[in-house]
Structure formats: structure tokens, C-alpha cells
């Protein structure tokens, strides 16, 4: 897997030195091995800190909203999941495609730092990645054990790019993407209510889920806008937790690519993706399978209709 | 010195909560935060840290101030500040204890924040020594000894037992009422503390150099070009500020109820683009400016105004929680001195 | 500071019998912002209105709430009342305390309580009302008719008759459309050319009408009253202004192997040709694919022969732009392709023809000079079998689910004409149902059966195959419950008709909605059948749904009447309750435009100041007030809340919700 | 304010489109077809104007049920509005159900201008369902309760 990084670095250096791009959007080494951070590199020298490994879970596409407003072209490395967000942003005219040089990169799943910590790993001294396994500090894990939730169900493919850097066939998902949604659906309303009450009452309204979300690129969010009628800054009442998360999920419904960033960044580990995935599951079931970000032109399911659509009262099949 | 077997500790919680309300780390839906002890809660003293810090108990995320009741064209104004009964805060780590000192400097200076003070006065703090500090911990840099957190009562886990040492009158008074405790031996505690101190020395961030962060370097630090790169990936979310034990910014907002208005205050974050919105808007227009503000405040402005006291306690929550792995350690390493 | 007046109507006893109107007025008077609260027996009466007018003047009211009957009844009345007293008409809200309160509740206390809440809700909304003014836009007094068939011709003539200028844009080299190809027309059996060509000539001679044949719509911009249309005038290599239509060139052209479209490809024509004798414009056109001069530079005979120098081999397409106030879509139809219906042998046997081909075979100006012969050997057919519903009412997916409507009648016509002219010919018709509603239609069909002895067989045809030089039509006879095989000389297929394929593109350009069968959708199926939901776009003829000629002509005239009504106005008053986008919030994501049924939303790149001397160009939505109808679909689609609807804003509706929930 | 009966009765907010359902409600009125006074109607131009925010807001403020009425699919005054509303509400209601909020508290009905009787019937049924369910506890905002 380290070979991938070398190829990417080479590509970045070449494009920078040829002047094809003026900047490179990628990931930068951290202090503890796992604390890799997204970064923009502007010189061959700064690329010394460039890294691409199992800790590069962060989705880079949203940064392009601002980056493509600047002068010059930027090289971006897109994992499969990032690419879907990228396409969706292109579709919504949020990224200027002419200013991006896209390189698709292979991804075999990224590690969830929390899961690593649960396994007692405090600092990453060394690691080896294989397609199905990763050895961290000499301890061998199957990928399914420690990858991010989004990676364990990932069915995303490499899409259209200016170039692709990929060596191995992609690992197949460990489980069904809708497993947990289905489990919740099969519970009683009381059980579901109790589940979400516990989860959402932990919410501290830090807005990390919103700010990291590539579908949330509003200039000003309705929750920050005192004129929207629903502005709120803290969950002063249990209602507001629900309001915030329902409206947020609704606003990204049909646009959410299921990149899983919301759950990755939540400091309280609220499985927020289960809200978005519920909408995705419903959309697939009611209006035909739809994957946001698979292309850059199709109409989203909420800006489309058929005359035969089910009535809300028939959605539950009862 | 008193002690109890950890296997028996529920009895202690029950006894304390029969005397006063007891708040302690509770795990709910996979996340541990301070919460009221009640039957059936999942107490979690094994986790080193709660997600939200203990400041929540004195300076909650959201808190009522005034109620305005409107009837026709009449408005009635009611004081909505909650009166705090004495309560026990159990399981506070050294870093969070240190943060109370920082917060006191903000809230208890004139004009005193009565809402904060009433809760601060009501508390008896039982601290807990950190048997296993984590790689993200750097409290020692800010003068915290995680082996010796000086609360009203200091608790230390040694093996399968927990030891209690009263350090204040309030602590002694509470401890004297607790019949579930038995007498304990100080020696075991001393050796545990030594062990902790040795562990602390091996932590990766234990020797951060802060020497550059001085009032006289203010302008130089402010203008450092590194801020741009340090803040590049910042999303502008409030995670670092909301999990931070010393961040103390708040907003005062009105909520329209069915018969009037509730005025409340709630945490705010200098990382937000809507923060300190003045007549026009936030004077700090870029995320870099906001990011710089947060760290300049913690490492330069606050100490300059508070006798050299930094408003970071090295708890490492931001290290663990920042969605994009930005944190104060990266700032200190870049700008603090010889790092 | 708002000064609100509340006016509670008794509606005689209609309201007052179940709602304590005095109490309602009294309680609402205590609401913040309310300065006067009155009740009166009939607020809509002249005296009642005077009460409101006086109060507006006396108290300087900034807004008025009338608690009365449904706003659908008197909102307009009270708006006018207020306007006449100098208050903006949109500063009026109605609380419906009759239809939605006094008339449905019996308990006085309960109804009074509800009336108070409805009144509060109206006050809450009113406090957030803003004075609105309807925009105005000028009307360009010229219409565009897309399509020069009978529908387009009729609409154009009627519009021109009313004194407005009309352009007809037709994609083929002549106007006339499908009707020009027909032989006789049902139910009167008069000759199609005899009734159509005078209308075509009228068009050509009418100075208000400009005919642009061999032309296509390139783009449409703008909105009702102000469309800007680019028209591509395709090169015909003959100067239309010079050509006299003498036809000399056609005689001399050595390249004569082109298929004659007008005769459905049943015979040939030269490379330079006039589509048919009565073509309008009566001007030649060169098929560049076929012309030897254009293809390889060797010929030029026609140019040499042309006395008026009309031939120009170097002519290029030309794009012209014109402005219109209204657009009529009259793109018509074509028979469906029969490639999915191999069982009938259309592509295998020359003597299996479509009904439209039969029209040409029977037409005096057709390939056989009106003598009905088989295409294969030019012999007179003795047995002719018609197959109905080829691709119509077909839910298998091969054809169309709808009834093409015209086939039953034209087949009866064909059968009758054949039996009349060739009485020894046997005529069989396979049908599913015979549908002949319409004036004199069923009588017509019965004549075919009873008087002309046409053999109608109820049943479907399984297949057509050749045996001993005969076309064997194998089908079922459902009435006699038996399989039949009819050895025939000619088989005629009543192919379903479908909208002209160009309509899809045109619908997209004019943002008219189209149904799953590519028929244009009307604004209302019953009440607004000739208008598209997109303002300023009108529908004429088969582009809206299958029709025969009388229906098409009526619809074309109805459509013209609507266009005339529009063009007769100097200015259009726009709907005041329109969407608008807050540019500071808009991200330009295009979600709103995707759900707008009227194409009212477009995007512009706009420069915004960021402060510190910096600027940023952002893509933001703008709403065309003249086009927006105010449904609000965009406001919910917009995630940032940038889109809002005047008169029904987010805050107004939420204020109503709040007021209703207060108790 | 003191006149208002504070006894806890169910509260139902009905969003009705101007062209069909609001007219249907008017027809119910002129036909004297009663339904409970708990139902309060808000007029919107089209069912597609109903933002999920309005529905949540109504529950926050103490509504016990929210019903959205629009033209029958295919009959929308604006041609397509109710098709969008149908998808939006299907998803929203399904989400509320997913969060454990009683699914019967929300409803969409298509009522034409001619269906006064249907309007009355729908409101009667809905109101009695909400009565059965009782107070909305799962989407309430305690700050709004007096």
C-alpha cells in the first residue's frame, strides 16, 4: 500500500513542477501517527509531509468549494467515497471543475481512530496495510474490526477522473449497508424512540456533522440564520436535537452520498448516518435505486416525481 | 484515608446520592459524560475522560435567565435562574479540576456571574487520579499533576480498591458521613502515584515548550504566517470549544414560548462564523482569524491578563475530538518555542 | 409601529348566530399592535366597507384583518376597499370564521374561541406582511406559430385576422403538414386539398403572416409577452425571393432518384424540387445529399436553366432572432415507426402499407395518379384487408397506450372510397372496437358497413405472411369464434400516431411540460385545454393529444383566441405573490430551478463584496416575476432558505402556526 | 387571554392548498358538514409550499397532529406541486416514524374543491385518531408548555 503513496507523491510533484497545477489537496502527517489532517500543498518541499494511508478517512471534496474560487488549478486526490461528494458538488455548481485536476485513488477502507483506541493503541509507531488486514504496532487486525463504519459497508467505485492511481482490486464490503436501518425499522416505535432519545440527547450542537458534510455548503445555514424562524445554537430542549437532525437530514436527502463523515466526526459517536441512510433506503425503495453523486447531471429524487409515486399514507405498507 | 472495594462502589454512590445530588461520569449510547446518578445509569469511571468536560456542571450548555410572560399588552418579568442545592461532583480528573481555576478567574471576578457562582459554591468535588494517562494528555505542561488532583476529596484507584483522602473541610465533612467506607492505608496510594508520575513522563507531548507564549511576543505571534497552514483544514465547527474545559464564551438568546419569551444563555464558539456578530457581522471574517483567536486567547491573551495562567489545561480533548485532527498541540509545536 | 384594524363581520346571522362576534372583536382588540377592533353586520356591504375605509384614514392603519367569510369569497373585495383608502392591498388578511368556523360548529363558546384563534393567526401573519406591488411587463405584439400544418395555419390565420403579426415556422419546405397528403376527408368526403390549399394561399397572401419554411427553432428565451426566439433558416440553395416556382429546374435535373417524401417515399423526385404542386411557398429546394453540383461540383444545370438566377449552391444556414409575445406550439404528429410490428410484414412485403401511404396511392396527385394499384406490381388489388389499432391502445410496450382516435374513421373512409370506385374489390377490416363518436361519424361508419358492404371482423390479426403471391392475413374472428385467414392483395395498417419528435426539444426550450407519451400537457385538462402551464405558450392540434381535422381546427381557433386575448393587452400584470431569492443566502445549487414548473428561475454570476476590498463572484438564482405563479415548490426545495414566497413567507406561515398553537 | 379555555384539548394544524383543499374546506362549511373545532386551517398556495419546518414547528408549539391537504395528484393548479409534496411528505413522515414518533400524528390527504364531504370526513377521522393518541409527548418542546 505504501507504493500508492509513492505514486501519488510522484504525480503531485510532477504536476506541480510542470505548472499544470499550483496546489495539491491531500493529507498531511500528524503527531501520533493516526492524526492525519487534510492539507493544501503548494511546493515540492511541503510535500515532504504528504501522506496517504489508512488514516486518511477525511473527505477532501468540500474544501474544493473554497479552493476552486482561487487562482490556478488544484490537484485533488479523491477516494471513491470522496468522488461521489465531488460529483454532487459539481452538479450543484459548488465546485468549478475547470480548476480541478482529479486523481482517483484506491481505497481499501480507512481506520476508525476510536476503534484503534479501544484496542489500546495510543500512538501509531508502525503499520502495514494489506487489502484485508492491517497490522498496527505489530498487532494484526482484520479490516472489518477497525475500519470506519462507512468503510465496512462501502460499495463505492472509482468514477471518472483525469487520472486514476490504483493497484489492487477493492475490498468487498463486510456487511449490508442497511443492516442497522433495517434493525431499527423492525423495532417497535417505543424502542426506536428510546434509541434515538439516548443517542440524540448526547448531541452538543457542535455542528461538526454539518460543517464536515459535503452536502451542507450553504453560505449560511438556516440554523445560523436568525431570520429563518428556526435558528438555534444549543439544544436547549430535547425538541431541538430532533429538529436539527431531522431538518439537516431532510435538507441533504437525495443529495447525501452516504460518505459517512457526519458519524466519523461526531464527538459523541452519534450514528448520524443512520438518519441519512434511512432516507436513502426509503428513496431506493419508493422511487428506485438512486446513488447521489454517481453522475453530475441526473435529477435528484426530491426534485423529480412520477405520477405513480406512493402516497405518504401507503409508505408504511399498512 | 478511607477506601472501598470497587466491587462495592455502587453502595457508595447510593449513599452519597442519598445525602446530596451526585454527578459522575455516566455512559449513555456509547459516550461518557457527567450526569446525575440515578438507578440504572451506567457509571463509567474506567474511561479516562468524559466527552464534555466537568464545566458543564457550573456553566451548562444552556441555562435559563429570565422569563417574560406576555398577556395581551402586558409583560411580566420573572427571574428564571435556578437555585442550586449542594451537590457532589465525582470523578473529576486533574485537568478538569485545573480548568475550574481558569473558569473562576473569568466568572468570579467582578462582576460576579451569579449563575456560575451558585453552582460553584454548592459543589463538593471528588477528584480521581489518572491511573492511565493517554498519549493525548499533556496536562503536566500546564502544571497539572494527574496523580494528585487536589479536590475537596482526592480519590485514587489502586488495584481493586478506591482510596479517599479529604483535602478540605467540605471534603472531610462529606467523608465523615459516608459509612460505606472503611479505613485505608496510605502506602498503596503513594506507590500508585509514583507509578502514574512515571507514566506521565513517557507521554509524547510531555515536554512541549511554551516559552514563546509571552505577552511581549503578542504582535509577533499574531502575525506569524504559520496560522494559515495550521488552520487550513479547520471546518469552523465548535467541537474543540464545546469539549474544552476552559472555553467560556456564551451567547444570550431569546426563545419565544406560547405565552412570552424565555431568555437563556448557551455556549457559543469563537470558531463559528456567526460569533461576536456585531452591527454588521463577525469582525473575524476568515476561519484563519477565528482559529488564531482561539489559540491566541488560550496561550497569550489570557495569561497576559491573568498573571501568566494559561487557559489550556492539557486535557487533550481537542486532540482526540477535532474532526480533522487539528489541535492546540500542533499550534504549540509550531509557535511555542523549541519544539 | 404597526397599527392594525380588526373588523369582525356578523354575516347577518351566518356568523353571529354561532360566534360571539362582539367578544371576538373585544378580545382581539387587546392583541399587541391592534388599535381598533370593530364588528358589523355585513362587512362586505357598502356601509361595512366604508367602516374599514374610514378607520384606515382615521387611525392611519398599517394593516387590516377582516374576520369574515372565506378569502376565496371576499379577499379581493376587501383588498380593493383598502386600496381605495390608500392602503396597500396586500396589507389585508382574512380570518375565515364562516366556512371554517361558524358554519361547522354548533357550540357558541367553542366557535367563539376558535374564531379568536383564527383572528390571532391572521394578525400574526399580517404583522409580517409587506406591501406588494404586481410587476408589469410590456407585450410584444407578435405571435410565433411553430408548425405549419392545418393547426398552425388556422391559428395563424385567426391571429392575423385580429390584426396581429404572426410568424409560422415550419421544418419542412412547405406548409400544409399531414393534411396536405390526405386524399378525402371524413365524414363529408370532400377533397383535402380543396379545403386546405385555399387556407395555405391565404396565409401566403396575408401581409400579417410571415412564413418561414425549412426552418427550425434554435432557442427560446424570455417569458410571456417577451420571448426572444432564434430561428434557424436552413439553406435551401434557392433564393426564396427570386424563385417563381416555374419548375423548369426540376425538368432538367439529372439526379432524379430521390425519394419523394410528400408521397411517403412511394415514388421519386429530382434533387431540386418543389414538394407538390400547391406548395406554399411555391419555391424549389435542393437536396444537398442528392445534388451533383453540391456533392462533387459537376453539374449546375439548374442554375443555367433558371431565368431569375435563384439558384445559390453556396447558401448557408442563417439564424435570425425575433421577439414574440406568445408562442403557439402546433407541431402535429407522425405515424409511429412499425419496426416493432414485424408480424404484419410491413418491412418485408411491399404490399403492406400504412393508411397514410394508402392516401397517397388513392390521391390524384399521388404516385399512381389516383389509380389504386399495389406498390409491388402496379396491379389493381382485388382483396384489401385493413388492420386497425396497429400500435394504438397497446400496453405491451411495443406501441402506444392511448387511442389514436382518427383511425376508425379514416379506415371507414378508405373502405368506402374503395368500394365506391372499385365495386368488385373485397374489403375486410380487422378491429378491436370501432369508436365513432362525433357529429355524423357513426352514420358514416354505418354507411360503410350497410351501404358499401365492408366486411368488419372483430378480432386481432396474428400475422401476415405471403403464400402463392397472396398476403395471407391470419386473425381471429371473435364474434364467430373462429380463426380466419384472408388471402389479400393489399394490406393496410392503421398505424398509431405520435407527437412529432421535434416537440421534445421545443418543449424543453419553452419549458412546457410534456407527458410520458410526449404530448404537451395543458394547463388544466378541462378548463384550460389550449394553454400550457407555462404562461404565454399555447397548444394547437395534435401536439396536445390525438385529434381529427374538425377538432384540430376548433382547437386551433380557440388557441388563437387565447393568443389574441394576450396580445391585445399592452402590459401584463404579474402575480404579486412570487418567489424571490435572497442573494446573500443563495448558493446557486439549481435545486429550485429543477422543481419550478414554469422555468421562472435562472442563474446569474454576480459579484459580491466580501469586505476588505475583496469581492467574490457567486452564482445566484433570480426569479422572473412575470413567469412565477407562486406555487412555492422552490421554497421548500431550497435547503439554504434563500428562496421565499412573498405573501406566504416562511416566517408568515410559522407565525400562523405559532398563533394557532398558543392557548 | 383569560377567556381561552385552558383545558387540554387536542390541537390539529391543517395545511390546505388554496385551490382544492381550502376550497373543499369551504364547501364543507357551506354544506354545514361539521368537524371538531380542534382543527385549525392554514392556507397555503399549494401543498408543495409546506416546508417540513412548519410541521415540526407545529409539533414544537404543541400541536398533536398535523395534516396536509392538497389537490389530487394530477390535478395540481400548478401542475406538479403535489407530486413534490407527496415525495417530501412520504420521506418526512417515514423519518418521524423511524424516530419513534407516532406515525398517525401526521397525514396527507388529497381533497378536491368538490369534496366538502370528504374534507369533513377526513378531519373527523383524523381528530378522533389524535384524540386516541392523546397528547404529543415525543416531539414537544417543554418550554412552550404553560
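A few comments on the model shown:
Letters A, B, C and D mark the chains as written, and numbering starts fresh at 1 in each.
Keep this in mind: a contact is a pair of C-beta atoms (placed from the backbone, for glycine too) under 8 Å apart; a residue touches a chain by one contact, two chains touch by 3 or more.
Keep in mind it's a predicted model, so treat the numbers as computed, not measured.
Looking at the partners of chain C and chain D together, the chains they share are A, B. The busiest chain interface, judged by C-beta pairs in contact, is C-D.
Chain A and chain C have CA centres that are 45 Å apart.
Mean C-alpha position of chain A lies 36 Å from that of chain D. In this assembly, the C-alpha centroid of chain A lies 30 Å from the C-alpha centroid of chain B. The set of chain A residues that touch two or more partner chains comprises 220, 222, 228-230, 236, 302-304, 307. Residue positions of chain B touching 2 or more other chains, listed in rising order: 72, 255, 258-259. Residue positions of chain C with contacts to 2 or more other chains are 30, 595, 637, 650, 654, 658, 661-663. Taken together, the chain B residues at the contact with chain A in this complex read 28-31, 33, 51-52, 61-62, 134-136, 204-205, 229, 232-233, 235-239, 241-243, 251, 253, 255, 264, 266-269, 272-274, 319, 321, 323-327, 329-330, 333. On the side of chain D, the complex with chain C involves touching residues 1, 3-6, 11, 13, 18, 22-23, 25-30, 32-35, 37, 40-46, 48-54, 57-58, 61-63, 77-81, 84, 88, 120, 144.
Taken in their complex, chain D has these residues touching chain B: 1-2, 61-62, 143-146.
Those residues of chain B that touch chain D in the complex are listed here as 71-72, 255, 257-259, 262. If you check the complex, the residues on chain A that touch chain B are 30-32, 35-40, 58, 63, 122-123, 198-199, 201-202, 204-208, 210-212, 220, 224, 233-236, 261, 264-265, 267-270.
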